[in-house]
Every structure is written in C-alpha cells, then in structure tokens.
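Each of the next two complexes has subunit A plus one other chain: subunit B in the first, subunit C in the second.
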Partner chain A sequence: MVTMRGLSVATALWAVSLGAAQAQVAVKLGVLNDRSGVYSDIGGEGSEIAARMAVEDFKASEKGVTATVVAADHQNKPDVGSNIARQWYDQDGVDVILDVPTSSVALAINQITREKNKIFLNSGAATSDLTGAQCSPNTIHWAYDTVQLANVTGGAMVKRGGNTWFFLTADYAFGHALERDTSAVVKKNGGQVVGSVKTPFPSNDFSSFLLQAQASKAKVIGLANAGGDTINSIKQASEFGITQGGQSLAALLMFVNDVKALGLRTAQGLVFSETFYWDENDATREWSKRFLAKAGRMPNMTNAGTYSSVIHYLKAVAAEKSKDPAKVMAWMKANPTDDILFGKGSVRADGRKMHDALLLEVKKPEESKGEWDLLKILAKVPAEQAFRPMAEGNCPLVAKS
Partner chain B sequence: MFTIFGVPSAALFGQLLLGLINGSFYAILSLGLAVIFGLLNIINFAHGAQYMMGAFVAWMLLNYAGIGYWPALLLAPLLVGAFGVVLERVMISRLYKFDHLYGLLLTFGLALIIQGLFRNQYGVSGLPYGIPAELRGGQALGFMFLPNYRAWVVVASLVVCLVTWFVIEKTKLGAYLRAATENPTLVQAFGVNVPLMITLTYGFGVALAGFAGVLAAPIYSVNPNMGADLIIVVFAVVVIGGMGSILGSILTGFALGLVEGLTKVFYPEASATVIFVIMVLVLLVKPAGLFGRAT
Partner chain C sequence: MADAAVATSGAAIGPPVIEGTGAAGFHRAIFAGLVVLLLVAPFLLYPVFLMKVLCFALFAAAFNLLLGYGGLLSFGHAAYFGMASYISAYSAKVLGFPPELAILAGTAMGAALGLLFGALAIRRQGIYFAMITLALSQMVYFFSLQAKFTGGEDGIQAVPRGTLFGILNLAIDINLYYVVAAIFLIGLYAMYRIIHSPFGQVMKAIRDNEPRAISLGYRVNQYKLALFVMSTTLAGLAGATKAIVFQLASLTDVHWSMSGEPVLMTLVGGLGTVFGPLIGAAVIVSMQNYLATLGAWVLVVQGIIFVTCVLVFREGLLGFVAKTIRRPL
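Let's look at the complex of A and B:
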C-alpha cells in the first residue's frame, strides 16, 4: 500500500514537473447564451456545464493547456450580446466564444469575432447564413442549421407521402429563413406549398392559425417556429383533432427538452431532427448520465455541440502549442474531428462542421421505459445529404469552381 | 355557403368562436384586475404571475399530491388567493396612503421575483398538463371542430364573471365594498371591518387569476413566462373597458377576443397589435375607457 502511494506521488510529481517544463498555453472560453429567457433550457447553464466537462475530459492541463470557462447571459438581444463579446475580447482576455443561440445575436457575434480576430464556435443558432453569405474565417457552425433541419425533416415528410404543405411561421428572421429553406426542399422533392400564415412572435394561442391550416387541406403542417411557440402549437393541434384528422405536423426545430415539456401523450408520433440524441450508443449514454447529474436534465444537440467543439479546439491548441487564431483555425479545418458524442467528422472550409443528422420520432407513452426515454431514431442521414453543399452557400471564403 | 370578404362564412364562424374562447381568458383576468383596482386602487402588476401560479399549483397538486383537475379548479385558486392575502397584509397594505405608482412598482417587482423563482426551479420549457378525461374529444359543429374543453372554458368563465358582477353590483356585501371604496372612514364607523374586507377582496381578485391559470394549464404551455406574455394585453383590455369598471372589463374582454379572432383571419401579422391600436384610439376619444366614468 505504502509503495503504491509513494509510486503515485512520484508519478504526480513527475507529471507536474513535466507540465512546468512545457510552457503552458492559457486559453479562456466564454459561453454566451440565454440564461433566463425562452431559450435558457436549450443552451443556458447546460452548455456551460458541457464546456466544463470538455475541459475536464480532455485533461487539458496535462497536455500543456490551461483552460478556464466563463459564461454570460445575452438575453437574446444582439446589443447585449455584442457588448459582452467586446468586453470579453478587449478586456477579459477571452479567446473563444461558444454556443450563442438566437440567430440575430449569433450573426452579430460572428461579425465582432472576425473584427477582433478571435474564434467563434457556434452550436446554438440555426441560421445557415453563418456558413453562407456571412461566413467568416473565424467562425465554425457546429451543431445544426436551418438547411439541415429542412433537408432531414422536410425531406422525410415528403417521402412519407406528405406532398402538400401549409406553414405556421414565426414572424421574424428565423421563422422566415426556416420556411424558405423548407419550402425549397419540399418543392425539390416534388411536393407543393399550398399556403402559410405568419404568426406574431411569441403567441399563446395558435388555434385560429391551426384552423386555417386545417381548412387548407394540406397533408403536412410545417411549424417554422421554436420553443414556446412550437409547444403551444403542438398542444393545441392535438386538442383540435388536427392529427387525428389525418394531417401531420412537422416540427422543424425541436429539442428533446420540448418533447419532455409536451409529454408523450401529446407529442407522440411527431417527427423531427436533431444531430444528437443521448440514447444513441453507450458512449453518449454514459456522457449524458454524467451531464444529467450536473444539469438535472438530459443534454440536447446544442449542449453536445458545445462539448464537441471545445474538445476539437483544445486538441488544436495542444497540437499547435499556440492559441493564435489563424493557426488554430487552420488545424481545426485540416484535421478530422473525433469525439464520443458525434463520432468522426470534419470541418469544412466554409466553417460548417460535418456530422450525421438524426431523424427522430417521439415514442408512444407505452413504448417509453423511463423519464427521458422519449425518442427513437428512425434514420441517420449522412452529413453530405443533410447539410447544404458548400458550392450552394455563396460563402465568399470558398472560391467557386 | 356564402363568403364575406373572400373568407367562407363557415371559417369565419369558427374564428369568431375561437375569439370568444380567448376572450374568456381576457375577461376573467381583466375582471380580477378591475375588482382590485376598483376597490383597492392598486394596479396589480403581479396579476400575470398569479395567473402563472394558478397553472403551476394545478401541476404541483397533480404531480406531488395526485390531485386531479377538478379539485385543483377549486384548490389552486384558494391557495393562490391565500398567497395574495399574505401579500396584501405584509406588503401592499402599507402603500394605500401613497400614490398608485408605488403599488404598481411593488407588484411589478413582486411579479419579476415570483417569475424568477419559478424559472430557477422549473426552467422555461414548460411542464405537461393533460386535458381531464371527461373533457377530451370534441363536437363537430359543421363549420368547425369544437374541443369540449374549449366549450367548458367559455361556460366556466362566463359563470364566474357573471357571479362576480352580481355579487359586487347587486348584493349587500357588494354594496359595503363599493361604499368602503368611496369613504372607508364612514363605513368603518358603521361597524364594518374595512381592512379585512379589502384584504379579502385582493385575495379574491388574485384567486380569479389563479382560476384562469388552472383553466389555461391544459391548453397553453405551463411555464414561468406564461403570465408575462398575457398580462400586457389584459392591461390594455382593462384600459379600453375603463379602469375599475366591472361590467366594462367583462364585456371588453369578450369583445376584444372577437376582434383579435377576426384579425387573425384577415391580417394575421397584426393580431398581436390590434388590441393596442384600439387602446390608443379609445384613449384619444374617451380617455376614461368605454365603460369608465370620468372622475
């Protein structure tokens, strides 16, 4: 026993002296998201926990990197988010901003990060403009985007026979983008869009809009909205017998948390897409249970994306022994990604992180075996089919051939 | 089948009915506000938070104590009302001698604190609460499918509104209440316990909000922000109806629900603002509100 302890102390000392011999690179990661408003259950504290878990799991200090994590609330307001980002970059020595849900805020941070020559690893926002017209050499869009949601959910619904669509669209930039991208997918697959209604954001009562959708006789009602709007529209669609009447709902942006909030009785049968589900394999289950113990809920794709992006970033810093943004970004794009949550993947020149997307279906109440046993995986859509081809994104970084 | 401005009449009837249902919530909530303002002169900004508490208490009763919807319909308003009584005794009663503004600021602060506490505990995604088994399903009316639960909401809120109006305007108790607001000192001199009456009135107004919360739980997302979204609209309803007018707030609640329903058909983008446009017009033409008396 004594010798064992002596041995381990010696090893520890050796490790410490080794660490001291190597010059440590100190990096500061800032998790910037909604901590109190409508999206705080999606990213919020969960993404900060995920970032800290990544630093822990990577054993950064043993590899010559000292990583600290800070976090702040952008309140879903671009001006608030921009101020925090400037303060972080100019005064607090933050090197990387993580997560940032809410497309309008994400686009602002995208701009500031480029101006200050830092790094922005976005997992929370939906807009595909981050790797399209507004792509930046300093930004990687990690978890998901509107084109992928449209391709996976929209494509699957049309293939299941849902060839006529009516949209309930949240009346702001994000809703319009999602409707636009999904309409394109529907038409490409031979379907038809028979109408749409722009709903004020946020709304409590969707019954009137649902009735208009019902009257349109469209086979699929596309919900181009998020959060509370999605929950209310699904809850009320079930109440008004929309789904029993033969029309199906397509929730174009939905997270496992939303399903939990709706309850299986109301949400059952709903088809949607995430790029991560906790119950996918042993590694995701093990990680998610650790996350659950810290956060009190299961992780969704934005939390998983934050974890995965931090792992890849730390690998880059350790390999380059530098946190110079140009070097780190070049390493991140040149080397494949590999982590326990998304498996193997890559980062494209336009900043799009490529990994498979999941087509998910909400379980029936009798199929569920536990509090968080909510979804089944219908299909795994390969990254190349799920995400927009680089040539179609109009990203100025990528020379057109 | 005929059409009105290009909209089939059947669709229009459906939308009007839905407007009436939403109007029920406006009516109950604005009634509570009107009672509290009319009798206590307090602008109760915590009303939205108390509505949210009604829905949460119903959820808690179900999940922690196994108590279902029907008992909750009675218990939750009582509990929320009791909370209101404590609030009135401990804090609000100290402000009667000051300007309205102080009551408004206090209740606004309280609303933020209550919402923050619930958000901290339960997050913002919301909690599931099912429609009671007796009221699942619905009726095919020819022009639309009317869920039984929505029909129940209209009936329940109409009954509650009318009973409240009757008690305040037509009974002896109501007469005391109204007299006490006119001249508390004189009424107290007749041996009526005015402070107690005021406390109970506030409790009742708050209980109305809790009742609306329970009614809303099965159809709207039960989350800490549910009241904050609604309360601004309800305030507009109260202003249009005339601050403190009981009948005014009930009628305006239902009428504005209808107007909003029609807007959702003809120009959905404006449906969130139409009530405020009406509010501005009413304030310009009749500043005391449609049913209010100028003082």
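Let's look at the complex of A and C:
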C-alpha cells in the first residue's frame, strides 16, 4: 500500500515536471517586406531566410519556444502593408513583425503594432522618426537609421580629411533631410559645405549636376538621394572619372548588394556606411557563407538586423516563458544584446538598438580577391557616436522620465 | 489610332440589350441582394479586407461612370482619390475634424479638383483627353511629394478614426465596416440614379455619337464636365473613406499607377455595367491580398487574369453574365 502510494506520488511529480518542461510558448514571426519591387534585393526573401536561420540557430524548441515564420510582400504600399499587418495580428496570430523597409510602410506598421499591442522589430526602414517623434513602446529599430548614416559618413569622412563637401540632393523631403543632417555633422566636425544642387526626383540625367560638383573642387561629393537616383548618379560619376580625379563620392544610403549590382569598376572609391559587413570577422564570415548558400547572395545590414533581432526576441521569450509584449519588451530593453553578427549591444529606452557602425569604401577591381570581396572597412564608429543621442530625438516615451 | 480605338471601344460597350421595363425591378432585387450580402459579409471575411474592397469598388465605379457611360477615359483619377485622402487625413488628424466632416472635406476636394481639371481636359477628346488628365495628375503627385502638409514620402500617419456623429466608435472594425458599406451603397445608388436619369441618357447619346448630340442642340461640353465632376467627387469620397479606414494617406494614392487600378478593375469586372466594378475590385484586391505571399508572382498572375479577361470575356466578367442572361447589369 505504502509503496503504491509512494509510487503514485512519484508518478504525479514526474508528470508535473514533464508538464513544465513541455509547456512550450508558441510564437509566430511575420517578415513583411518588399518581395517584388525595388527593395526586394535588399530585404525580400533574404530577411525571411535570416529569420528562419535565427530560429534554427537559437534551437528555440529546446528552450521551450516554438517559433514559426511567415512572410508577405507589402509592395512598398502603406495600405497593402497595413492591411496585411492588421490581418496578421487580428486573425493569423502573428506576434512580431520583422524587417519592413520603406519608411511610409514602417511608420504605418509602427502605429498598428502599438494599437494592437504586439511587437515590431524594424531593420529595413531608414527613418529616424521610429525612435524620434513617432517612437512607440512596442517598436525597436534595429539595423540603422538616417541620422546614423549621416553621422558616420559625414563625421568619419571629415576626420579622414574630406573637409569640403558638395551635395547632390534629391529634391524632396527625404533628400532635404539627409542633406540637412549630414551638413550639420560635417560642420560640427570642422568641415565646410561649399555648395549643393537640388536634382529633380526621380532623375536619369545627372551630368550637369555632376559637372557642377566637379567644378566646385570639393573633396567630397555627397549623394543625398536613394535607390535609382543613387545608382544613376554613381554610374554617371564613374563616366566623368570623378573618383579618379581625386574627389570622393559619398553615398548616404547604400547596401552591399547595390555595390555588387553596380560592379567594382563603376563603384570603386565610393564611401558609405552600413552597420554590418559580411567579411568583418570569422563569425560573420561563417554565418554569411551559410546565408549565401541559402539565398544566393551575401547578406546586408537589413538581413543581419533581422537575424539579430529574432535572436534577442527569442531569448526574451525563453527567459520570461511568456510572449506578453510588455514583459518581452521590458526584458529586451533591460538585457544586453549579444549575437554573432553585431556582437555586444543594447536596446535603448526609446527603442533604438545600439551597435557599432562601419564606414566602408568600395575596393578597386585589382584589390578584390573574390566575387563578394567588395568593400574595405575604413573605420568603426562606436554606437554612442554613430546614433542620435536619446535626448535629441524628442521621443515622447523618454521625455517624460 | 489610339484615338479611334477609344472611340470604337466606347461605341462597342453600349448596353448589351435594350433596357426593358423589367430592368428596374431586376436591379432593385440586385440591390437588395447586395445589401444582404454586405450585412453578412463581415461574419465570413475579415472586415478590414472588405472595407478595402469597398473603397476600391467605389473608386472603380466612379471611374466606370466616366468611361462606361461618358466614353471619357481619364488616366488621372489617382489625383482626386489621393488628394481627397490627404485632405481627409489632414483634417481628421491635424484639424481635429470628426470622421463624417473629414470625409466630406475630402469629397469636396475631389469635386473642386475635378471641376478645375475637368474644365481644362474636356476641351480635347480621346487620347489627348487621357494624356491631359495624366499630366494634371502627375502635377498633383509632385505637389504632394513636395508639400509640407502631406508629409512627403512618409505620408500622413496615425489618422484617428474618431466617433461618427459623436456616438459610434469607429475604432471598432465592425462599426467602421457598416459605415463604409453604407457609404459605398449610397455612392453606388447615386451612380445608378445618374446613369438611369435623363442626364444619363444624354451622356450615353454623347458617348455613342457626339456630333449627333451636338446637332440635337445639347451643350456637350457642359454635360461632359458635369459627369466628370460627379465622377471625381465619388472618387474623392472613396479616397477620403480609405484614409479613415487605413488611418493613413500616402504617395501611393496619388501615384500614376493608382490611376491604373480602377481601369484594371473596371475592365475585369465589366465596363459600362453598374455592378461590374464591384466584382472587378473584389477580384483584384483579393489577389493582391491573398497572393501577397507569392511576392513578384502577384503581378504575373494579375497579368494572366487580365489577358484572359480580355481574350475570353471581352465585356468583363459581369458584362459576360449580362450578355448571357440578356439583361443589363
């Protein structure tokens, strides 16, 4: 009798402990980005692959988390993106939305995520408003932003002797903002802006503007534009032999994939900033080769950011044993980040993920040793210098405290 | 060449059969069926998706009013749709208008812009008319890109949905859905009345043979301008409602590719049919929504469907049905 009772107690205990071990938290991650348009090479399927790799590498199921990844195309249209996001949150049980390039879509998702109390980990969009005027307790902006691009490209270039600047500015709000932010950084570092010209947006012919830039004798020509305009202006600058003539070309929004598409001959000498480069150290090389095997191309900072954000999110869910957004966000902000791609970092109260940023230069064709050996790291800028200080962002979340 | 093509297609899409006295009763039954369908739909499908379909259906119907019944191919309807959504979003967010006034303000913008652009554009016909409307809508696009109040490429975000007449909380999807469905039905019914009024008959006469209408003493340009403004007003209503539904207004809405959406929806659904644009909008929006995971293939699928429609259903899906059952829809 006694043994029987003992046995049943033991069985009960065993059952309880087993139950605890098996209490899996199921999370659903939605990668929402451009899979058919101009940014599909930057985020696209690559970010979905990165998210899946993060789930695999984290060995989520062993740590009590079941993670599934879904993906959709927002076609760079805010209404399409917000429709998908609402449906994901309301009907499909998605807990986190990842990537989301294109600022207008990102700001829309930022709003919906806050309204529905879910989590938004953005690596694809540039707008610094995500951690500024429109910051949200449910959003972390992971990979980069406009202020950081201006700080790193502007500041580091001046320190390296590029102290006179001429801007080619795309004539719309984004271009104006980039020029304004970068000019401020250049002047703060003791440089000088000798002139600027506004180019119609979008434009195919930059020759007269490039000739003005060449005639200005500025040491650095800043390209305050994006996408097709950047590509066109770099191609035409190469035809004018601008970098060979001793002037540097600085692109303010550029990805390693763009360099690959342009080719080294055209892009050589171009300077820009990313927060991740695959050839940085052994860990990034190893990861990037695995990524290359799956995606057919090397990762950029957007893909790397998606990976890194999923790792940190899964850590938070595993630690809290819950996917409650408030608890998970609190954990993510309270604990330092550490992953193989960005190393050690942190998440600030306004939702800014802090890590070092790189100033990169495109290699000359003769310096390159392989298909993807495209860039050299000129400088590594510490996070505190690269990103906008929290007090200057006017984020309502931190203004109160 | 293209001019002739527009003119002939305009002539070819006339009512497939002569409207009998039974048509009014038949249409009343369809409207009743539509009301029932709209009432139960949110219990079967996701309301936000349905609201998107209804906004685009209204937009396509407004476009169809102009092309299907006036023979005027406007390629710049995004201008009225988009500006209305900006005005609606701006007045709701910055000026603090309640949703009903915000939507009215946007609709008024559609009307005003339509009057201005229409007065210029109707002086030319066929392809030149289409090009002038396209050029004017591109002006609106670049204005929206540069103007301060539109927020440039970030758009106007976080527009409050507010409470309708101070009592109905529109933040709840289902409430908003019924409001949007009501707006859609009112818009569609208004169009139905316009089409079947003496004014609509004159418009059809002008569409089919403009010189003859002139010879009968009709001031053709005034009729065309009136129809143009009605169409842009309804396009404005659709845009203004969409801004409240999605709580944002962005450059997508004024981009020229947005002018192509109602063309596609109307042609797929059935040009010159009252209910065709609704079917077309449902087909196109469902594809964009449910095939979103296919990425780039959405456009390919959309293209295949469009080609199939043009080859197999020359009159569009509903036009085909109308021809088969020998009743106007």
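Worth a mention:
Criterion: the second predicted complex is superposed on the first by the 362 of 401 C-alpha atoms of A that agree within 3 Å, B and C clash if a C-alpha of one lies under 4 Å from a C-alpha of the other, contacts with A are read in each partner's own complex, and residues count from 1 in each chain.
Following the convention adopted for this analysis, contacts are C-beta pairs under 8 Å (C-beta built on N, C-alpha and C of every residue); 3 or more make two chains touch, one makes a residue touch a chain.
These numbers come from a predicted model, not from an experiment.
When the two complexes are overlaid on their common chain A, residue A:Ala72 makes contact with subunit C while staying clear of subunit B.
Contact with neither subunit B nor subunit C is seen for A:Pro137 once the two complexes are overlaid on the shared chain. Within the superposed three-chain model, A:Arg265 lies in touch with subunit B and out of touch with subunit C [touch as defined at top]. Of the two partner chains placed by the overlay, only subunit C lies in contact with A:Asn83; subunit B stays clear of it.
When both complexes are overlaid on chain A, the residue A:Gly64 reaches neither subunit B nor subunit C. Once the two complexes are overlaid on the shared chain, A:Ser40 sits against subunit B and subunit C alike.
Once the two complexes are overlaid on the shared chain, A:Gly343 sits clear of subunit B and of subunit C alike. Subunit A uses residues 36, 40, 171 to touch subunit B in one structure and subunit C in the other.
Residues 35-36, 40, 44-45, 70-80, 82-84, 86-87, 90-91, 103-104, 107-108, 110-111, 127, 129, 134, 171-174, 201 of subunit A are the ones touching subunit C in the complex.
Across the interface of their complex, subunit B is touched by residues 36-42, 171, 197-200, 202-205, 207-209, 211-212, 214-215, 227-228, 231-232, 235-236, 239-241, 245, 257-258, 260-263, 265-266, 297 of subunit A. The part of subunit B that touches subunit A in the complex is made up of residues 8, 11, 14-15, 18-19, 21-22, 116, 119, 123-128, 130-131, 137-138, 144-145, 147, 149-150, 218-221, 223, 225-226, 229-230, 261, 264-265, 268-269, 271-273. Taken in their complex, subunit C has these residues touching subunit A: 46, 48-49, 52, 145-146, 151-155, 157-158, 173, 242, 246-248, 250-253, 288-289, 292-299.
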